[in-house]
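So that you can tell them apart, the chains are marked A, B, C and D in the order they are listed, and the count of residues begins at 1 in each.
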Amino acid sequence: MLSFESDYIEGAHEQILKRLLETNMEQLSGYGTDCYCERAKEKIKDACKCPDADIYFLTGGTQTNQTIIDAMLAPYEGVIAAVSGHVSVHEAGAVEYTGHKVLELPQHEGKIHADELEAFLRNFWQDANHEHMVFPGMVYISHPTEYGTLYSRTELENISCICRSHQLPLYMDGARLGYGLMSFDTDVTLPLIAECCDVFYIGGTKVGALCGEAAVFTCHNTPKHFITRIKQHGALLAKGRLLGIQFDTLFTDDLYFRISRHAIDMAELMKKGLHERGCTFYLESPTNQQFILMEDTEMERLKKHVAFSFWEKPDDSHTVVRFATSWATKKEDIAGLMEIL
Amino acid sequence: MLSFESDYIEGAHEQILKRLLETNMEQLSGYGTDCYCERAKEKIKDACKCPDADIYFLTGGTQTNQTIIDAMLAPYEGVIAAVSGHVSVHEAGAVEYTGHKVLELPQHEGKIHADELEAFLRNFWQDANHEHMVFPGMVYISHPTEYGTLYSRTELENISCICRSHQLPLYMDGARLGYGLMSFDTDVTLPLIAECCDVFYIGGTKVGALCGEAAVFTCHNTPKHFITRIKQHGALLAKGRLLGIQFDTLFTDDLYFRISRHAIDMAELMKKGLHERGCTFYLESPTNQQFILMEDTEMERLKKHVAFSFWEKPDDSHTVVRFATSWATKKEDIAGLMEIL
Amino acid sequence: MLSFESDYIEGAHEQILKRLLETNMEQLSGYGTDCYCERAKEKIKDACKCPDADIYFLTGGTQTNQTIIDAMLAPYEGVIAAVSGHVSVHEAGAVEYTGHKVLELPQHEGKIHADELEAFLRNFWQDANHEHMVFPGMVYISHPTEYGTLYSRTELENISCICRSHQLPLYMDGARLGYGLMSFDTDVTLPLIAECCDVFYIGGTKVGALCGEAAVFTCHNTPKHFITRIKQHGALLAKGRLLGIQFDTLFTDDLYFRISRHAIDMAELMKKGLHERGCTFYLESPTNQQFILMEDTEMERLKKHVAFSFWEKPDDSHTVVRFATSWATKKEDIAGLMEIL
Amino acid sequence: MLSFESDYIEGAHEQILKRLLETNMEQLSGYGTDCYCERAKEKIKDACKCPDADIYFLTGGTQTNQTIIDAMLAPYEGVIAAVSGHVSVHEAGAVEYTGHKVLELPQHEGKIHADELEAFLRNFWQDANHEHMVFPGMVYISHPTEYGTLYSRTELENISCICRSHQLPLYMDGARLGYGLMSFDTDVTLPLIAECCDVFYIGGTKVGALCGEAAVFTCHNTPKHFITRIKQHGALLAKGRLLGIQFDTLFTDDLYFRISRHAIDMAELMKKGLHERGCTFYLESPTNQQFILMEDTEMERLKKHVAFSFWEKPDDSHTVVRFATSWATKKEDIAGLMEIL
């Protein structure tokens, strides 16, 4: 059966498996100290045009969010995020588990607004009782957001500017960063992100890797003894090579960008087809996730032929569903979907 | 200077000090195992008409909230509360510090609505991804709320009913419970609270004690090894007598209720005077806290003669302030305030 | 019945109750911002000859240990303590509850040895895998120790010197500090402690107060936003006056020292009597706690006439028990004990 | 250069890579719900002769220890482990980070003794103050231990028996379990482990996988909502297939056991050679790790030709080093080592 359920239903890009095979019997030191991790770090620094970056590889998104947020925050601080942010809703309370509150701002198609951030911070500091409250310690955004939307260059710069004026680190969750960067409708580049953010991660799991996310601290601002913190979180992989080799491959010959662009091409094709077939977009995103509003009966029929994700139920007879393309989506898959519709 | 800043600006009711003095040289065992704690527990059970209650004394409100919530929740659970709830805003993240998320519902004059609670729970269980989310594990309400408002009997029963149908404990923060019970505008009694809630606490600090809150588990439902949990939270007082004697005194000859009624009488007198003087109520509560909207210039003038609390700033030229009466407020104080106004 | 069970079986010194009564109806601001807290702080700074001290009042010993240790340690650090230390054994895991390991050193009559501390630290830093281990972040000692023993000036200076050379804060738990300072067998003074330690606390609960411990950071080295940390731990008392007035009283006219000396005088009298009656000392301490080895039959007989504490069972037919004097012990009590023996 | 540094210096067994390649483009559901995870679970249940087992796949050893221990313990409980246990020393305080104390027992070549466990438990329950202490909530053993040693059948049964009589779950860390099971000097089998333990894990990372450990709860005793706990720990892999395919491969045609036996064969060969060359064994283990005592000068010379691990320094002129074989060690490697020696 055709599936557009998510961008992590296949294994890894073949080039990655090839490199794992080629390097398999090399004897390498553990815990991320091998040469492939080193090479991957250099290539990522280059791609970010950010020579002052410190880079660490972790295994998955929630783990990366939890470890970075916990390590960057003081114990009396919380992280500001959209009410729809992944850390707010879909990480089983991983941030609170480490002792920190998620301070929620309203979401606008998944994004936070600079003026609402500014107002929140002003109110906090003006509050006579703020010593009895959770201090804002960091700002979390996702790009693309949970709705597949993107911050514009101006929006990102404005948020970054507010963060800097309040000395708050800005952190970007880039679980699907490749798909954001390769959108046809963006003026945000990897170097811009490295300039605007204090820390961000480049998602591998959803962009062609078996697992792995690359955390980038942009100005030698890694929290003290970060390796120990990673270990303490149970997040230090013994065979760090598994992550190093994957990112080394993804950042060789622009593979990360090329496969991300492919997913965008497939998404554009899908959007065109969905429009032609008169589908109602709940949200038409510039990246690889599209949200369609369907009558429940239609949805039930479709379910038999193609897999997709349940998103939410706006009323009793309709459902919002998500169709996602990925690095692995084929033109034939899109054609197949159109045929079914 | 006159002060209506809060209900904890004086020491303790004189009867309490008298009893502390009388019992001072008695040699009593520590950690809440003394006879005064026992007597106080019996009297509270009687007042609650709840023979199955287990009772524990803690020192302050945030401590009580943190310890009870943490002990009642499973690690994968959070506590549902109004967005304006004390645990949501004014406890420096004490709940998150113990690893639990506060799941926020909208507030209506400080209260949660039963239908919004029901909808929240239904949505959670219907969500296909709820295993990746924080499970609702308990419902927190305050009575009086942070705005001095009260749940009606029907509202409380409805919330309790929803909680029971979802097997969620209902927890009531009664930091100012006396003032709620003695309001002229309530049909909620202590036995009703004991029936509707799984656990609640009777506030002492704000109702005539030097310190101390009485946590009441209403049906022998104390979490396992709760004394050890209290100790682990740093909340087990060595000289438990200090709490036992105070609550024994407060629940002898209805002292708790009599001094609470006095505060309500004073609040009614104050409300009448404020109305006569044409003050604008931001929120006129049925308990001991009144919220007045003032022009900033008027507020600055008043500040020189009487103390009150800053609440919030609705716009650039106005401020909401709080006037609180207490067990210790005197008729002359109210008269003095009226003169100044 | 006579009781030597502990030093917290009575209420408070009468002078404290008198001051609570006198100040009871004064209207004071909350959370430790009142004038009595200020005065108490100034008097304690004077007593410590430590003008750079920051002082905070907390309610109990475990709470103070937990809050200070958690606030001083980085998340990847643990606290070094004797295997018999209060934080190691008798606080229900309050330190681990906040995420930190207690790194245990051998105990010698309750004390740690400077050379074993030095060796532990050297081994840690030499270990090739120390990034996978808990970093030593602070040293905890108690004075008097859990066995009533005392560090000598030289011992304290040596430990302090090692701590400073490793940039580790030295923390002293002074739950019974008064009894240590007033021992006939000590060359350690309060100013010396303030010089040698980065933080320590002066115990009130066991030395004449109803509750309360005074945490002293000796060189304006209070952790950032410490009030918020205290609140987050549920340890911020609304009526801070209760602690301020007690410490103000204890540090007026040397009351703290005078009542401590009285307990020592009573302990010396008791020791003399116990020797005369041929009792076997398990450990004869220079402070207010004495540990006696008894045959179980003898102990059972004694139990009927006088209360004391079980300490440990060295074999099947003997028990070690503790007799404690306090500020409240009377000469007649000692005489009574001797009669019974 | 030859390396005996550890058992995780190579990638994965070629059969694993082959299967990853073959299944790569299959579209599978995420988070461990795929068919390969299911198959692997069935095969592991068979190998354990334990039809009531629940099985979960996690990524690494510390993560598995942290997640299982935290999920099995009540908040007031700690885990009993040897003072040399991995959770006690080499996990950066990952257990304490989740709020639990490691209650340390003496170690005997890495093992705990049943009688010392029994005594510890008896003392705890006899202690009059045990409500102020951390409750023992689970027993942790490693097999092979950190020193490569093995529990005998009798030792394991004795420990299990004590655990059951105290209703304490017994947990076995099997990071190197294959090497333990395939030792020539053991009477412990996988089914015996499943019988004696309440939960254990079968290590993949050190026995031929790229990453991955299989947690086995032996009697449908998985803690409630364990998937949510895994997610909350940041330990839920999106592409669970990566773990499922590896364990499916390892438990097909006894691959796990065959490659483990190979490592043992190589270790026996190495031991024989080391003996012949007159090396001093610090500890000669029946598994794949051998600990050799060397003069520092000799060690420095050897270092230039072969890699091994530093273990500890018993004195100023000697060092204990570790030589480890693995599934990937070749006969030629052993021959090479012997030549160098």
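Everything below uses one rule, namely that a residue touches a chain if its C-beta (ideal position, glycine included) is under 8 Å from a C-beta of that chain, and two chains touch if they have at least 3 such contacts.
Everything numeric in this text was worked out from a predicted model, so none of it was measured.
Asker: Name the chain whose C-alpha centroid is farthest from the C-alpha centroid of chain C.
Answerer: Relative to chain C, the chain whose C-alpha centre sits farthest away is A.
Asker: Between chain B and chain D, tell me the centre distance in angstrom, where each centre is the average of that chain's C-alpha atoms.
Answerer: Inter-chain centre distance comes to 50 Å.
Asker: With chain centres taken as the means of their Cα atoms, state the distance from chain C to chain D in Å.
Answerer: That pair's centroid distance is 42 Å.
Asker: In angstrom, rounded to a whole number, how far apart do the mean CA points of chain B and chain C lie?
Answerer: 33
Asker: Hey, what residues on chain D touch two or more of the other chains?
Answerer: Only 75-76, 91-93, 97, 99, 131-133, 228-229, 231-232, 236 qualify.
Asker: Draw the chains as points, connect those that touch, then say whether the picture is a line, ring, star, complete or other.
Answerer: Drawn as a graph, the chains make a fully connected set, so complete.
Asker: So in the complex, the part of chain B that touches chain C is made up of which residues?
Answerer: That would be residues 3, 5-6, 8-12, 14, 17, 20-21, 23-30, 59-67, 91-94, 97, 205-206, 210-211, 228-229, 231-239, 241-242, 307, 328 of chain B.
Asker: In the complex formed with chain C, which residues of chain A make contact?
Answerer: 70-71, 74-76, 99, 131-133, 135, 224-225, 227-229, 231-232, 236
Asker: So in the complex, the part of chain A that touches chain B is made up of which residues?
Answerer: Its residues touching chain B are 75-76, 78, 89-93, 96-102, 104, 126, 128-129, 131-134, 310, 313.
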